[in-house]
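Before I ask anything, let me first share the structure, which is written out below as structure tokens.
Per-chain numbering from 1; labels A, B, C and D assigned in written order.
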Amino acid sequence: MSRGAIRSLFLGDPQAARVVPPSGFTAHLTLFVSGAMAFLTVFALALSLASGRLADRWAEELARSATLRITAPMDQRAAQTEAALKILRQTPGVASARALTKEEQAALLAPWFGADLQIEDLPVPQLIEVIDTDPGYDAAGLRLRLSAEVPGAVLDDHTRWRRPLVDAARSLRRLGWIAILLIGGATAAMITLAANAALSANAQVIEVLRLVGARDRYIAQAFVRRFTLRAFGGAVIGVAFGLAGVLLLPSASDEGGFLTGLGFQGLDWLWPMLIPLLGGGVAFAATWLAAHRALKGLS
Amino acid sequence: MDRGTAVIELENVGYSYGGGELLSDVSIELVPGSFHFLTGPSGSGKTTLLKLCYGALLPTSGQVRVFGEDMRGLDRDQMAMLRRRIGVVHQDCRFLDHLPLADNIALPLTVSGREAEQEGGDLKELMEWVGLSSRASALPPELSGGERQRAALARAVIMSPDVILADEPTGNVDWEMSQRLLKLLVELNKMGKTVLIASHDLALIRAAKSQVSVRVLRITNRKLQLAGADL
Amino acid sequence: MSRGAIRSLFLGDPQAARVVPPSGFTAHLTLFVSGAMAFLTVFALALSLASGRLADRWAEELARSATLRITAPMDQRAAQTEAALKILRQTPGVASARALTKEEQAALLAPWFGADLQIEDLPVPQLIEVIDTDPGYDAAGLRLRLSAEVPGAVLDDHTRWRRPLVDAARSLRRLGWIAILLIGGATAAMITLAANAALSANAQVIEVLRLVGARDRYIAQAFVRRFTLRAFGGAVIGVAFGLAGVLLLPSASDEGGFLTGLGFQGLDWLWPMLIPLLGGGVAFAATWLAAHRALKGLS
Amino acid sequence: MDRGTAVIELENVGYSYGGGELLSDVSIELVPGSFHFLTGPSGSGKTTLLKLCYGALLPTSGQVRVFGEDMRGLDRDQMAMLRRRIGVVHQDCRFLDHLPLADNIALPLTVSGREAEQEGGDLKELMEWVGLSSRASALPPELSGGERQRAALARAVIMSPDVILADEPTGNVDWEMSQRLLKLLVELNKMGKTVLIASHDLALIRAAKSQVSVRVLRITNRKLQLAGADL
């Protein structure tokens, strides 16, 4: 396909456009397929992006993955805490370790003892937040060392609880992308088939045009132009409806976690804009190939 | 007949659709300004021979040269260009069913990028001649069989091509109209166009003979022969 | 459509079937559309059912929705607990109220103080689990009454935290059903358009058949039969692939919450079986209408 | 000509495609065993008149009765049944392009539920007569123009219908073949079938006159007239 052909595709030749019958069911089919699939793609995209965001957030939280709990008589507590922090800082795979302040501990316990808890009154253990690096530390080794040097320390590894959630969010995101791929593939196949159906329904048009001396490019262009614009237009409509639908969904809330946050944020809005371009591109390629295959059968 | 001057030249052409050979060892030369009829029983290969002449089929053996160029050597765009110099009336006339008749007749102008409006005068005159002025805005499926044939002839000659190949152009029209169509072809022939008409209509051939010097080719037993003066 | 016609649709008339051209792009299109959409429907169905299960589970947990916390000196605690339970039992909208045992409280606190906690050593408040009926109780009124009669009681209403999650799961389920409706509608429209496209591509066949004296039913049936079987077959293939895809997803795990549990459970397996029947039904109706509309144009 | 006996009866029939009236006040009666030719210039309405006779068009005024029944009163199934008693050769012969020729010719048997095998002998004989035996397994698009016309005639008569309506059945075949086809129609006519042929071919009409008693109808100025013996 030469540049000239692409240019004239968009500038258009009103004469060439007329030689293709204006309408028919395959025309509506193309428009509709393109629209409906674009609509579905917008939703799948919203799902993928939302679960991607969730997975990222959870994965980040997962980094603060362990808590060290030091239960010791009040007088030994500070010393043991110091010792534990020292050990943690020496442990490879631990990014940082920090003793929680009284206020932080009180906030964590609030659901149990009320917000007006006087933490000093309670024999509450000291908590240490452990943030590990990506490959992580050797939990068994750390436990062994702690049990020797800081008898009151218990390592509570949250990873076990959160990892599956992150995996789940990631698998939801993967599901979303798979859906997008499937929808995209199905759309491409349907547009290709519709283009082929339209071309074989118009076999006589092609034959007549060839008979009176039309060049391949002229014939192909008339069809390609029509189908590309149709698929593009259908996708634009579909995306518009899809975005409207996404906007109508209950909006994100802090309390609701990710599920209600099924929308687009920031630059995400650019993604749906790609859909019509891709749809048009697929239609362009499919029709161009179909037209040239149809033409090859004629001398 | 000098080789270089022949418009269409078949040399030992054979053709087969896959079964037995339909045409074999056919050689003719159509020089500019000649007027030929092609006859032969139904199914003998007249349409096939015409298709070989305008490149819709390529010979299974031998060579076809049009305007001095071997058909086999042309690419698709060259073939399209060649078609603009050859006006063809198909036996089953086909049109673009969604365009009115006038646009269909002007189609060769449209696809070659010439403005139909510019040649509007010609178009109108031509449609008048073939008796279709009143049907100019009808769609092809609304035409009668004879009207379709006349429209196909008009479409074939609108570009004023160097060669006119017509396959049974008067099979569905009455005698008077066929005389009009013949007159059109004879006039074009007198202007130097080469004409080849496949027809069963002996009366038509006789009428043509009285107006212009005509050669009659006949397909018998897969061969092409020049028919005697006995017609 | 008479019963005889439906019967002969499935028994089939090999002669009538032959008069319709066997194949072409619209045929592949129908098969493909039906298959791809069935495939997507299976996933949407899996998503809906999984989030439906999740919403149900969460909604059920929501029923145990409130905790009453009684912080009082050890000697008054039993009395205040009794008083609070009495008030709760009198409160309209409270289904049941129950003081947690020591062991239950210890289990709840385990993440904080370790599993070997001696709850007697701690000034831990007594917790009362309140299960409310569906319309719920008047939280403000209850608080007022408690503050008067049981000064140490604090009502902790979890509903506020869980309700949005249940809403979210419900909205995911709704999203799934909307997707199914959209996919179903799109499929129906595409099959209808494909049937119409095929029929208009076969206008000559219909005309010839009518000319030689074929009855409407004979002509319609040949098309209807072909399209119904095609849509049905395509959907069967699509559902098979879809189920295979669902089975290949990471399986449900207790830890991972619902997200990885995107599968079918028990009778849910019957739902996907409906898809081919619906697809075939849509194709049947669409082709039947299209054929009769096409025939009406001919005498 | 008694009213009850007419196979096809047009009474003050007028027809218009939407513009001016094409046919007006046409009245004819075709009695069983009659042989009619229909002539008239191209575009005068021959095909339209035939379509009125087999119910493809309904008259805008007047009445058409076939086998004594008013066309307007028939439902679609009755119309289908009627078509089985009328063999029609269309001017543009159409076939099921995906079925071999033999199946196409046997199509009227197939759709009416009669076993094609049962009448296999007839089919073979008929194809022999129209010279298509060797093409029995060819697909319709692979046929020549004349072969298509012959196939259409064969398809029209395979059910041995009471009436045969043929629109230009010899426009694309050579003289000898058209004599064979005429002979077939004459034989059928002698067996009591009613025959109506639209044709421009005066030679054919003359040949028919020598074999059977023929009436020639002519459409002029929107009216149908019985042509004199001057042909």
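The rule is simple: a contact is a pair of C-beta atoms (placed from the backbone, for glycine too) under 8 Å apart; a residue touches a chain by one contact, two chains touch by 3 or more.
Since this is a predicted model, take the numbers as computed values, not measurements.
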Those chains which touch subunit D and also touch subunit A: B, C
Most distant chain from subunit B, judged by the mean position of its C-alpha atoms: C
Centre distance in Å when subunit B and subunit C are each reduced to the mean of their C-alpha atoms: 68
Whole-Å separation of chain centres (CA-atom averages), subunit A against subunit C: 22
Length of the line joining the C-alpha centres of subunit B and subunit D, rounded to whole Å: 30
Intercentroid distance (Cα basis), subunit B paired with subunit A, Å: 62
Two or more partner chains touched - positions in subunit B: none
Overlap residues in subunit C, where contacts from two or more other chains coincide: none
Chain-level touch network, classified as line, ring, star, complete or other: ring
Touch relationships between chains, expressed as pairs: A-B, A-C, B-D, C-D
Parts of subunit A lying in touch with subunit B, wherever the complex brings them together: 15, 18-19, 21-22, 204-205, 207-216, 218, 295, 299
Touch list for subunit C against partner subunit A, complex: 24-26, 28-29, 32-33, 36-37, 39-40, 43, 69, 71, 108-109, 111-114, 121-125, 154, 156, 160-161, 164-165, 167-169, 171-172, 175, 178-179, 182-183, 185-186, 189-190, 193-194, 196-198, 200-201, 249-250, 253, 255-260, 262
Contact footprint of subunit C on subunit D as seen in their complex: 55-58, 76-77, 79-84, 88, 90, 94-99, 103, 107-108, 110-112, 155, 159
Subunit B residues within the subunit D interface of the complex: 17, 39-43, 46-47, 91-92, 131, 135, 142, 144-147, 150, 167-168, 171-177, 200, 202-203
